[in-house]
Amino acid sequence: MDRNRLESLLNEVREGRTSIGDALDRLRDLPFEDLGFAKLDHHRALRTGMPEVIFAQGKTPAQVTAIFARMAQAGGNVLATRASHEMFLAVLDREPRAEFDEVARTIQLTQNPDIPQGKGTIAVVCAGTSDLPVAEEAAVTARLMGNTVELIADVGVAGIHRLLAQRSSLQSARVLIVCAGMEGALPTVVAGLVHAPVVAVPTSIGYGASFGGVAALLGMLNTCSPNVSVVNIDNGFGAACIASLINHL
Amino acid sequence: MDRNRLESLLNEVREGRTSIGDALDRLRDLPFEDLGFAKLDHHRALRTGMPEVIFAQGKTPAQVTAIFARMAQAGGNVLATRASHEMFLAVLDREPRAEFDEVARTIQLTQNPDIPQGKGTIAVVCAGTSDLPVAEEAAVTARLMGNTVELIADVGVAGIHRLLAQRSSLQSARVLIVCAGMEGALPTVVAGLVHAPVVAVPTSIGYGASFGGVAALLGMLNTCSPNVSVVNIDNGFGAACIASLINHL
Amino acid sequence: MDRNRLESLLNEVREGRTSIGDALDRLRDLPFEDLGFAKLDHHRALRTGMPEVIFAQGKTPAQVTAIFARMAQAGGNVLATRASHEMFLAVLDREPRAEFDEVARTIQLTQNPDIPQGKGTIAVVCAGTSDLPVAEEAAVTARLMGNTVELIADVGVAGIHRLLAQRSSLQSARVLIVCAGMEGALPTVVAGLVHAPVVAVPTSIGYGASFGGVAALLGMLNTCSPNVSVVNIDNGFGAACIASLINHL
Amino acid sequence: MDRNRLESLLNEVREGRTSIGDALDRLRDLPFEDLGFAKLDHHRALRTGMPEVIFAQGKTPAQVTAIFARMAQAGGNVLATRASHEMFLAVLDREPRAEFDEVARTIQLTQNPDIPQGKGTIAVVCAGTSDLPVAEEAAVTARLMGNTVELIADVGVAGIHRLLAQRSSLQSARVLIVCAGMEGALPTVVAGLVHAPVVAVPTSIGYGASFGGVAALLGMLNTCSPNVSVVNIDNGFGAACIASLINHL
Amino acid sequence: MDRNRLESLLNEVREGRTSIGDALDRLRDLPFEDLGFAKLDHHRALRTGMPEVIFAQGKTPAQVTAIFARMAQAGGNVLATRASHEMFLAVLDREPRAEFDEVARTIQLTQNPDIPQGKGTIAVVCAGTSDLPVAEEAAVTARLMGNTVELIADVGVAGIHRLLAQRSSLQSARVLIVCAGMEGALPTVVAGLVHAPVVAVPTSIGYGASFGGVAALLGMLNTCSPNVSVVNIDNGFGAACIASLINHL
Amino acid sequence: MDRNRLESLLNEVREGRTSIGDALDRLRDLPFEDLGFAKLDHHRALRTGMPEVIFAQGKTPAQVTAIFARMAQAGGNVLATRASHEMFLAVLDREPRAEFDEVARTIQLTQNPDIPQGKGTIAVVCAGTSDLPVAEEAAVTARLMGNTVELIADVGVAGIHRLLAQRSSLQSARVLIVCAGMEGALPTVVAGLVHAPVVAVPTSIGYGASFGGVAALLGMLNTCSPNVSVVNIDNGFGAACIASLINHL
Amino acid sequence: MDRNRLESLLNEVREGRTSIGDALDRLRDLPFEDLGFAKLDHHRALRTGMPEVIFAQGKTPAQVTAIFARMAQAGGNVLATRASHEMFLAVLDREPRAEFDEVARTIQLTQNPDIPQGKGTIAVVCAGTSDLPVAEEAAVTARLMGNTVELIADVGVAGIHRLLAQRSSLQSARVLIVCAGMEGALPTVVAGLVHAPVVAVPTSIGYGASFGGVAALLGMLNTCSPNVSVVNIDNGFGAACIASLINHL
Amino acid sequence: MDRNRLESLLNEVREGRTSIGDALDRLRDLPFEDLGFAKLDHHRALRTGMPEVIFAQGKTPAQVTAIFARMAQAGGNVLATRASHEMFLAVLDREPRAEFDEVARTIQLTQNPDIPQGKGTIAVVCAGTSDLPVAEEAAVTARLMGNTVELIADVGVAGIHRLLAQRSSLQSARVLIVCAGMEGALPTVVAGLVHAPVVAVPTSIGYGASFGGVAALLGMLNTCSPNVSVVNIDNGFGAACIASLINHL
């Protein structure tokens, strides 16, 4: 469309129906999206295998269903994070192929299996069962983006030998996502064992002076391992996006 | 050495001078580094092109010089960050080939030019001149690790057109480091323009409610762009390590 | 009344019934409101078109109804913010002309349509659907104060082209209200595109290190755009008051 | 220049030397500023009377002087805030017409006296002598932007009668800037006395639990007066920009 | 009892049944309360008119009732603060003379009307209806401690004339309790109008950056009026204890 | 003066030279201080024995001297707190009768020895030598306001017997000021031993998690003794003002 | 098992079936736990009498039951902390010998009564009934670890004589656990009375500026008694672990 | 002395010179320290080998010298922590046997070599050279209290193998002090390797979001190892006191 508008303007110039001065003025006022900028963006999701995503928390089941259905119509894969079972039932009514992951709290619809595949494995590491929802959100997201994921749970820093026993798995990953609550030391220790980039996810697990994940967040930001970067508290989804981008390089 | 110890133990076993039971006991008590674990680590720096690094801030010129000289003897490249000119003069006395970058506040010694080269370009982006020390620390570090670096300064979010004018540079980078103080919005906006991973570095630039970089840090952690991860305030060095690791994948 | 009291005092002085000394003493003790000070205040609302307002949150439906009815008797427009549907039903029983806005969470009664009209348009801008309640609270309030309001939603900084596409709308506003949660960068970017004053409203939308809107608040206070001022988290009402005052200048 | 580039492109189209398709491609890739976008920005300062501004704090006298001189060449007015006397002497060497305000800590150069004049008076209000540097920074900035400024000092809330005695001055202002440290209550009380918009500036004056201005900042954000918006701690410059924009409407 | 123990020890000494050395040893080990120290404390409540008090919040109705009944048996006045209506019904079953104050959220039992009377009036001041529960808790407590209380509500700093109109009431109080949420400026302004000590009570009323009363607390601690001291957020009870102590001097 | 203005207005009314209507208008516009309001304030200091006070910290010796001299001319007592020895020398040049207290960091001038005397003793209590500057500031201030002060130092809660040994001194005070840094527990323990009001002063003494007095401040606000109120960190002056007011009741 | 693997490797070496070089390589790659490291850990609980522990809060009754049953099969003692009555009923169905402590909120199963006994008494001290759940969690845990526990409640610092009356109990303890909310001063005062190590537990009891136990935590960290160390807010379990370790030395 | 007073009182009773009633009255009024309570305290230091300690930071060299000399006269060992070299020179003038530890920043005087010896070894562990001042303060203090100390430095969690290589040293300690800045994860990892109590000391080492040791402090408080307790930031002295007490049990 915008190409059309530009084309007819240029035709008018060529044919002398519009003066150079008028053409200059009209070009200056063209909205940016008319230059094709926005369209690139529109196709990005499908091209890169990145699904359309809904942050479901705080929305009603009806709202989640409506957005989910609209996104599904675009033909790509759809993912809703922080979703409840009640939301899933509402979505299922509309999209019978939707799937729910109870631990990850995700609803997903895989319409486009031909996602470009990441080159290596993404290791998703966490300490205890309490961190599993965040770790699983990362794992589900990364898989839907075309990555092979290895989930390594139950490896806390207070029992360092369990972590060391996983050394070969850790070292064979191309990028690692490490989730930890409480003191948040796991990413630092893991990062010291590998040469790959580590995306650290503080979780809100803990009590008292954990301040809903702040202690873990600060621990990760102050890591003495130089290969750790950090995302927001409980942001398993974001960590997966970054890890997937890296793994597709 | 440890290989020697293990070898003689195995020889004793073969020759029957040590019983299987005694060998088992001695093996269980071997320190871990005797298994070669530490050596791998020792060689990592040279193999990956990651320099030996000194965090100079808070040390005396004499201390920096001593550590610098000891590291230089190992034959690899050496980097001191957060260094003063006074520290440089002290180091120069001992290592006449050392170089100082006034803006980045780094002292470096390049003994090993054959570093493995990263595959693409790392873009280092910042808004104003105040953020330059952090951005240059990242740039110097990344170059010393074998990366091509493009520094894009003077592109704040309050004048969005200047940033948009750099769109092609931004989009051609394989990984980006974006430094910002004050409200810390630059990484989010940059990340919306590219498909590559963005490492965000909050800087301590600002006053009043910037709280020494906390406002920028929080802004980056709460980014609505899914391809942003964050390092500690002013940690240009750490951002370069992560970006280099990604760029060498 | 107070005019009457003063008048009779002066009459007593003129007629010699009260000595100058006694009059001085009585004048010194007159309450301030007797000097007409309070009345000015009393008429301010009607004169400026500013409605009488109830902050409904934390009150019972009965309390809201009682205050609403009492204010309605004064003849001006009445507005209740942070109101629930249950509160609306209670108010409706008493004031059948009251209207409810589900998104803005406001109950309003328009008794006085002849409000002085603001001179230009107030643009109310926000990023996503989550920020809409705050943005709509601002829009409803501003309209009730006699302003033309243009609501521009779905323009987040992570997809800068959508914002740029709204450039002409933004630039034609006389004053702008920009609501944003998470990293709170939208007001800074918008302010860089316009010459008008921008009132920034941090919203409590976000999770983890957003700390209920604190990250957005800090981001806005540290803006590098010089035409941004800030109100309290979620305070759409206050932003509308300020914008309306400016728009009526 | 960019107009020239566009013009020659259009000429090539008209003359048939460039096909419509090629012209479309080249237009799509034009940097945004080539569309005249940046120029508008470039001319904004002169047109609106907004001076070019340097935040001098943290820069060396040599750096301030260099930036100041470069800005002065553009022909408009130049302002440096948070400047020391030592910086002024360095600037004076290069720009003999520069002036220093010891209290406001500003260096200014007025080359363009024909600034558009604001329509009313901006009142700059503060409590004690400690808040004067911030208040004067606001006053100097506002004057340089073409506003009549009335400075009202020594009116703290602990002696409310002194404030009330200034009621007519306060009420005749078109917009007010109110600076306060410690508990930061002054903007709220002033705002209750006037119908105009109030820009509140928390100052870092205080000790102990004032936390460098945080107590005042929180007080202002939680104001119960609906006509108050807030800028960063000690940001007299920003308050003046907003007030000037409003006063020029 | 302890007097008895001491008496018999001394008798044993006199009668030579216990040696001086043994007596010394036993005296050194006597618990302190045996010296009459604790008893003074025990009688304090009745002597000073200070009631026995239960902090009911977080306790079950059964627990509140049990403690209330036990205290009632001591014969003095009993007060439960932060109590619910449900708690009251439980207490009423056991103590039919107990009274409930819905706004103050207090249950009280007056068994001892002959409390020593304070010398002047305690003024309890607050701004809006939201602060009333805290103000009423202070008023109920102060009355039960034998003080004449004048409650002055609806006098916020944003409408200073309403406060000034109460000047004579304020100035005639012997001590004042001033409750305020949001920006917490009321105690400072009130304290500037009187010569009496002011006990400031921050309330948790507010939203966003009020942080549950922290903004008000900081405002009060940073007061520029030298006659203000502060108690914990929502601590109407504590303010009344202090004010009553002062009023009984 | 204002009495004069009012008098002549009333005379004009009596003599018929001014109409009632005009007189009404002029009366409404009279500044409040013309009603004698401000004068009351002006005489307050002398009447109550409260000295004129300068907060010297952050001022230059010249500024302190200038203010000190101006206040001295009013004839009352003058006090400068947070003063350095260098400031004292500057003041001494101008006011040879000025006295300096090295520990309290106060400069004082006693011109009016006939201050009304407080009724009882004010006990000023602190734990260690580090808290002495704050305690002495309180003591010097209280004495200058006409109170008998007993300073009780070296009684920390970690050695409770030293505090108990001072029990009779504590119990004979009419009001107590208790200064403490670190954990700030002293006011609570002292308040449990007495029946008098306790004004608690957190000091900035401590390190690490004392956060410049915040730990002590929070400890005091959360006291379980009902007779404690709190002032700002290090605010010995404010505590003395309150204690003196109470002691003069 | 790992012993088996090592044994067969050594046998292969002895019998010449594996070369020394190959054996070296395989030894270097052995997971660490194969060296018996993990087993030591596995036996630790039974050897030291430390029970297997479940942090029940945030888990479903079904999850708690499942983990409880699995741990019970190991034959040692089992403890679940932060458990509800509903969880207990679920566990009881499966493990009829399980016991519930309503105040401590613990479920425990004692299968192994022959725990090594600590050498002295652990005193668990707290102020009021509100701190009892934390104190009882500590007491229950310490008893299950083989310690004699003396619980001393109702000894707050505001009534110091009650604490002093317990002096001999306090002084006869080998290690003390002191729980306190609000201002958290109790550990400091207790520690001043004894020569033993004190483990301080801040509790979340309080309101307003207690910030869920932060005030108490800071108070304890800033203690002026040199024999106090601190655990997380409400962490009665952790305090008991440390105290038990010390008591078994 | 007090024994004397008591003795003569008892003699008077025995001899009938004082009645039982009078004796009772006088006994009730005896200051507590007269009962021998304070003396116990006074002898504690010498008996337990705990030195007299001066916190030198913030004091002048003259003050430190004066206190040091006074303490030295008591005949026991004396320790000054946080001392500068300048302070040492001043002390040396007065006490020629005083010794200075440049890293630990301590001045000590050993007059009483016969301190009771602790039963095992105290391991003092830290990561880098930056943490050494705190670790050495702990080591010096612990040695002066009669403990054998093993200092294990350079064992950070980012290179876990270096820590594991020290496993036997760690496991042979009777109690451990672990100092760490930045993310503060070292105590947790160390505690997972040993069965002994671990006293964790956060250090202020770090930058940006380390907030002067707060990140490390929070990390340690949220440890998932149950044998860790924590002291204040940089409090090496306090950690040594606790460890020594435990080691002397």
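Letters A, B, C, D, E, F, G and H name the chains as they come in the text, with residue numbers starting at 1 for each one.
By definition in this document, a contact is a pair of C-beta atoms (placed from the backbone, for glycine too) under 8 Å apart; a residue touches a chain by one contact, two chains touch by 3 or more.
In this text the structure is predicted, and so the values were computed from the model without any measurement.
S.K.: By label order, what chains touch chain A and chain G together?
M.R.: Common neighbours, chain A/chain G: B, H.
S.K.: Specify the angle of rotation obtained when superposing chain C on chain H by their C-alpha atoms, rounded to a multiple of 5 degrees.
M.R.: It is a rotation of 180 degrees, to the nearest 5.
S.K.: Return the chain pair with more inter-chain C-beta contacts, choosing between B-D and B-C.
M.R.: Per the contact counts, B-C leads.
S.K.: Please work out the Cα centroid separation of chain B and chain E, and write it as a whole number of Å.
M.R.: 59
S.K.: How big is the gap, in whole Å, between where the Cα atoms of chain A centre and where those of chain C centre?
M.R.: Chain A and chain C have C-alpha centres separated by 39 Å.
S.K.: What whole-Å value do you get for the distance between chain F and chain G if each is reduced to the mean of its CA atoms?
M.R.: Once rounded, the distance between the two centres reads 50 Å.
S.K.: Could you list the positions in chain E whose residues touch two or more of the other chains?
M.R.: In chain E, the residues touching two or more other chains are 32, 159, 164, 208-210, 214, 217, 221-223, 232-233.
S.K.: Sort out which chains touch which and give me every pair.
M.R.: Pairs flagged as touching, ordered by label: A-B, A-C, A-D, A-G, A-H, B-C, B-D, B-G, B-H, C-D, C-E, C-F, D-E, D-F, E-F, E-G, E-H, F-G, F-H, G-H.
S.K.: Can you list the residues on chain H that touch chain G in the complex?
M.R.: Residues 44, 48, 50, 53, 119, 174-175, 195-197, 199, 217, 221-223, 226-233, 237-239, 241-242, 245-246, 249.
S.K.: Considering only the defined contacts, which chain A positions touch chain G in the complex?
M.R.: Residues 130, 159, 161-162, 164-165, 167-168, 207-210 of chain A touch chain G in their complex.
S.K.: What part of chain B is in contact with chain C in the complex they form?
M.R.: Touching chain C: residues 127-128, 156-160, 164, 182-185, 188-189, 191-193, 206, 208-211, 214-216, 218-225 of chain B.
S.K.: Residues of chain F touching chain D in their complex?
M.R.: By the definition above, chain F touches chain D via 29, 31-33, 37-38, 41, 57-58, 63, 202, 204, 212-214, 217, 232-235.
S.K.: Contact residues on chain E for chain H in the complex?
M.R.: Checking each residue of chain E against chain H gives 3, 6-7, 10-11, 13-14, 16, 20, 23-24, 27-28, 30, 32, 35-36.
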